[in-house]
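There are two complexes below, and they share chain A, which is joined by chain B in the first and by chain C in the second.
Up next is the complex of A and B:
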């Protein structure tokens, strides 16, 4: 290799390193770089303090294998796992389907639709605790409003809803759907509004029916958003504590407990916080894949909202 | 920093602030305190004990779910030196409710400075008893007899238009956290099974007398339920459901801890002074006097507290009989003093115009009492938290199990829990 060739090779290697460094520093130089760090530092500190530290502390608290041995020996644990799965799968999917249908309804024009929307949003705007406690009393088999209405109108009492595992679980899921349905309806409504109207107009010119427009424009364009919403809500539902705790209280006979309420019971009723954390940690094998899929779905793609 | 338990009525909070302010004046020490609701205090304290970032003092009405486990784990400061000057004056039950086993030191010691104690009386709508054609003074003395007599009120009251009224607010709940366990413990005592756990922390499920008492208890309670004199929803009641239902006269009687049931209605003069009656259990089912369970409240100091000496000094001040008495009187007697002589010396306790106070004080202080079993071993707290006894009732009512089988199932699980906590 000639001297010139050697010099060129060294030059290329410097240029490569400089480019890598340039890319690593986000294309910033000197004072700009220092300013960027200064602006980012508070966020990094907050992220470390309120995201990394709690997660690491939680993992440390639930890291003793003996906790899981104790957990799996509790007969209520398996019941809670099954309930959690039912709660998440049914609660999220029924809600999202309803939200999708309702978003179509609220997409209509008219002042009364807007007025109805305001009323429809109220359950979501109401604080969770009084809302769920009201439902608990509303469903009370003896003195609740629902059975009193049934008696006044039809002369018979409904069942004691919270006294049976399956009706109790259905009530918890129903309450969860009722509380969060408006939020997801609004999100999907925003998605519908983002679909370019030109597409519908072009389809109309081509003689497409409403069903065709729905099947070939709305559905494909909304599919990604719908899936992201489902995944996100599954993550929320896995950790949801309020509905079960305040509606059925986990009863009867702890048959409607979910992992979140069982964890709270261990942590604060039995005063075994590590076992409580381990209970919630045991949902991680489901939670982590959900988050990974969610992240992958959030990548930008063409032809999707 | 002191974390203090919010009371059930505003008067209790005012009384607590008064003690703190009086101490600041008397000692010259600074006391930074905050008052918070029981459940919040419970959760905050458990979190603090777990993380190690603890307050100097926690003052709690019923710390029996926290102290046994944390004393066992050596996470609480031994306060024997604070209690010692008053030890001879304290009730035996308050002493037992304040001493816990530490597995590091391998001995029991004082981990709670007891100030107050509370019992569980019957709360009865006397006007409904009369309306049903029954008489308060004819209520039998024995435990089962009380329930059996009062359940008769349901039919006549319903025939008078109270369509949804139930006679007995029996909390055979599996939701908890405490009411169902407390009820079961009293049924056990009434049936001669009070030795299910002894003060050495040992479980005696192998004692035939204990097993028989448990079977009788489960049988009696589930029979009441099946007869339809207990609201069906009682199986799923939470802590407040029985109070709310009782206050609305949806059932005629309730068996619930302290006088909070009555004091919550103190502004309704007719209800408080005329209609509501408070009744202390008298005899067990064998006719001998019944000891009811008493829980103690007070202050404890987490290990790692920065100002242990000030915390101890505050509790020394609080434990003075005069200060203790003034504080509990100001709280309208929902909790009674841990020093029995006080209720004998101060006419407030037994000669007040509050009709609920005398029977309650008699039960909680003057009658023979037992400490709650949680103090004997953390394992009992876990058995309660798993709602084993409520589960036994549910097994009989919902799963058609025989009471003996339901009890054996609960005992089996209880044995497993106790096996992990060897004293």
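Up next is the complex of A and C:
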């Protein structure tokens, strides 16, 4: 295949993918084919053994309809469904909006903005477990630092945050936002940097104001990335175990559990693994559409900024 | 239009100077808030670790009588939860390095077949990886726990290594296939004309040219394995086989937890990944932009 042909193929992106498949002299033959299979084999093995088999096993474990009857008559389950919804919808959207605003802030130039970025990244660089443990103790009503600060500054006794369902849930969500906000800010910042500067220059020549540039260049070009980030983080938030488990511990009286922690609790604390699997499986009606949309949007050829 | 230019002329230049200062002061205030928000839980960790046992319950914002006693206790394994601390630290290293190695090996081989050799139906492999990436790991924890028992790997480090490799490899394949597109196909072709077999091309051409992506993905896998909690906790239960993450969470089991020891352990556990993260941030950033949106 000549260089020109290849260049054409690249230009045609999708249709080109087929043409470029024959880059190795018209496909694979004989020994090469065996090599190719051998190279792919480790991943195929791992995928079958630790993804396909567990999924099939899980479906089998959670296939009894009686389990779902049991779940839906369980008030703790219904509480955790509501908690999960709040956690995912509020946690992800508030965070992504903040991340979008902050990406604009960190887009500014100047030495101290760069220095601040180094500090701002710390929550993301810290492992989840120690960070959430610290937040748990930070929020302690009696000896926690937050209430100490409130007392020193305003002479005001803060509530016992983790002893109430709603403040507890808010703390879990807040901790999750604290931990993951830097990551998404960096992603959105990269997105902003990828917007070609000449678009702004051309708009400036045409007399566009800041608001115009934002509304007609930044927003439309970032919309797709923003949407992918929201969907991807919804999946991550749906499966997040650490924040709830370590900040509120699911308490008081299991009122702040989310599906991920409730499933594990049923399976390993109460020793009802089938009920645990059913708990997690009940999230599938939400998870499957998300996964399908994401898989379409994240295809390597389209995933670039 | 003319009205606005009129107003502008009257306002400048003092208005604009004040306006600029105002914006700058506002930004500084916002920056201060961001810094406090980011640091305070971490400061809390240090404060408790430096406190004596009484200091924790003193209601002060600063460590009143800072002492390194808690760190001494952790380093010398002088507390019963910490009796095997360094052994567990070693376990964490073994898990981290094994996951890194396996992820790099399996991921680069797979993306070599799909991206360079263009195996027929290779897209199925990419899709399988993508699917694994978007399924929350915690949802598969219960069946994987059972399956590890079936495989006879219960309470063995290799069970965690295999499970975490499974969850780290999709990202590797994603990044490698993105990055691989920047390596010209002509290199492979000329090597083949010279009689190289695919294994030689993989080792002599593909891997050396992929070095930046290997560093990015290697760091990602190492951090993922070191920081992960749920699978470590479920699959490893004895003090001998535990990793540091599980040992650290053990402190939560008892009511009378020595919080200062716990926070000192937490800091020692958190330092290696933080250092690694800052050390490789340049490569990680490159990896992120290469991959578009990836965690």
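Some points to look at:
Quick note on the criterion: the second predicted complex is superposed on the first by the 260 of 305 C-alpha atoms of A that agree within 3 Å, B and C clash if a C-alpha of one lies under 4 Å from a C-alpha of the other, contacts with A are read in each partner's own complex, and residues count from 1 in each chain.
The criterion applied here is as follows: contacts are C-beta pairs under 8 Å (C-beta built on N, C-alpha and C of every residue); 3 or more make two chains touch, one makes a residue touch a chain.
What you see is a predicted model, and the numbers here were worked out from it, not measured in a lab.
Overlaying the two complexes via chain A brings chain B and chain C into a clash. Of the two partner chains placed around the shared chain by superposition, chain B and chain C are both touched by A:268. Judged by the touch definition given at the top, the superposed model places A:68 against neither chain B nor chain C.
Contact with chain B, but none with chain C, is seen for A:76 once the two complexes are overlaid on the shared chain. In the superposed model, A:290 makes contact with chain C only, not with chain B.
By the touch criterion stated above, A:107 is placed in contact with neither chain B nor chain C. In the superposition on chain A, contact is made by A:51 with chain C only, not with chain B.
In the overlay built on the shared chain, the residue A:143 is in contact with chain B and with chain C.
Once the two structures are overlaid, the count of chain A residues touched is higher for C than for its counterpart among chain B and chain C. Chain A uses residues 57, 61, 143, 249, 267-268, 273 to touch chain B in one structure and chain C in the other. For chain A in complex with chain C, the residues that touch the partner chain are 3, 6, 20-25, 27-28, 31-32, 35-37, 39-40, 42-44, 46-47, 49-51, 53-55, 57-58, 61, 102, 105, 108, 112-113, 116, 118-131, 133-135, 137-138, 143, 145, 148-149, 151-152, 178, 182-183, 186-187, 190, 194, 225, 228-229, 232, 235-236, 238-242, 246, 249, 260, 263-264, 267-268, 273, 276-277, 280, 283, 287, 290-291, 294-295, 298-300, 303-305.
Note for the complex: chain A touches chain B at residues 57, 61, 70, 73-76, 136, 140-143, 160, 162-164, 168, 248-254, 265-274.
On chain C, the positions that touch chain A within their shared complex are 27-28, 30-31, 34-35, 37-42, 44-45, 47-48, 56-57, 59-61, 105-107, 109-110, 112-114, 116-120, 122, 125-147, 151, 162-163, 165-166, 169, 173-174, 177-178, 185-186, 188-189, 192, 197-199, 202, 226-227, 229-230, 234, 245, 248-249, 252, 259, 262-263, 266-267, 269-270, 273-274, 277-278, 281, 285, 288-289, 291-293, 295. By the touch rule above, chain B contacts chain A in their complex via residues 39, 42-43, 46-47, 50-51, 65-66, 69-70, 164, 166, 173-177, 231-233, 235-236, 238, 245, 248, 250, 381-382, 385-387, 390-391, 394-395, 398, 413, 416, 420.
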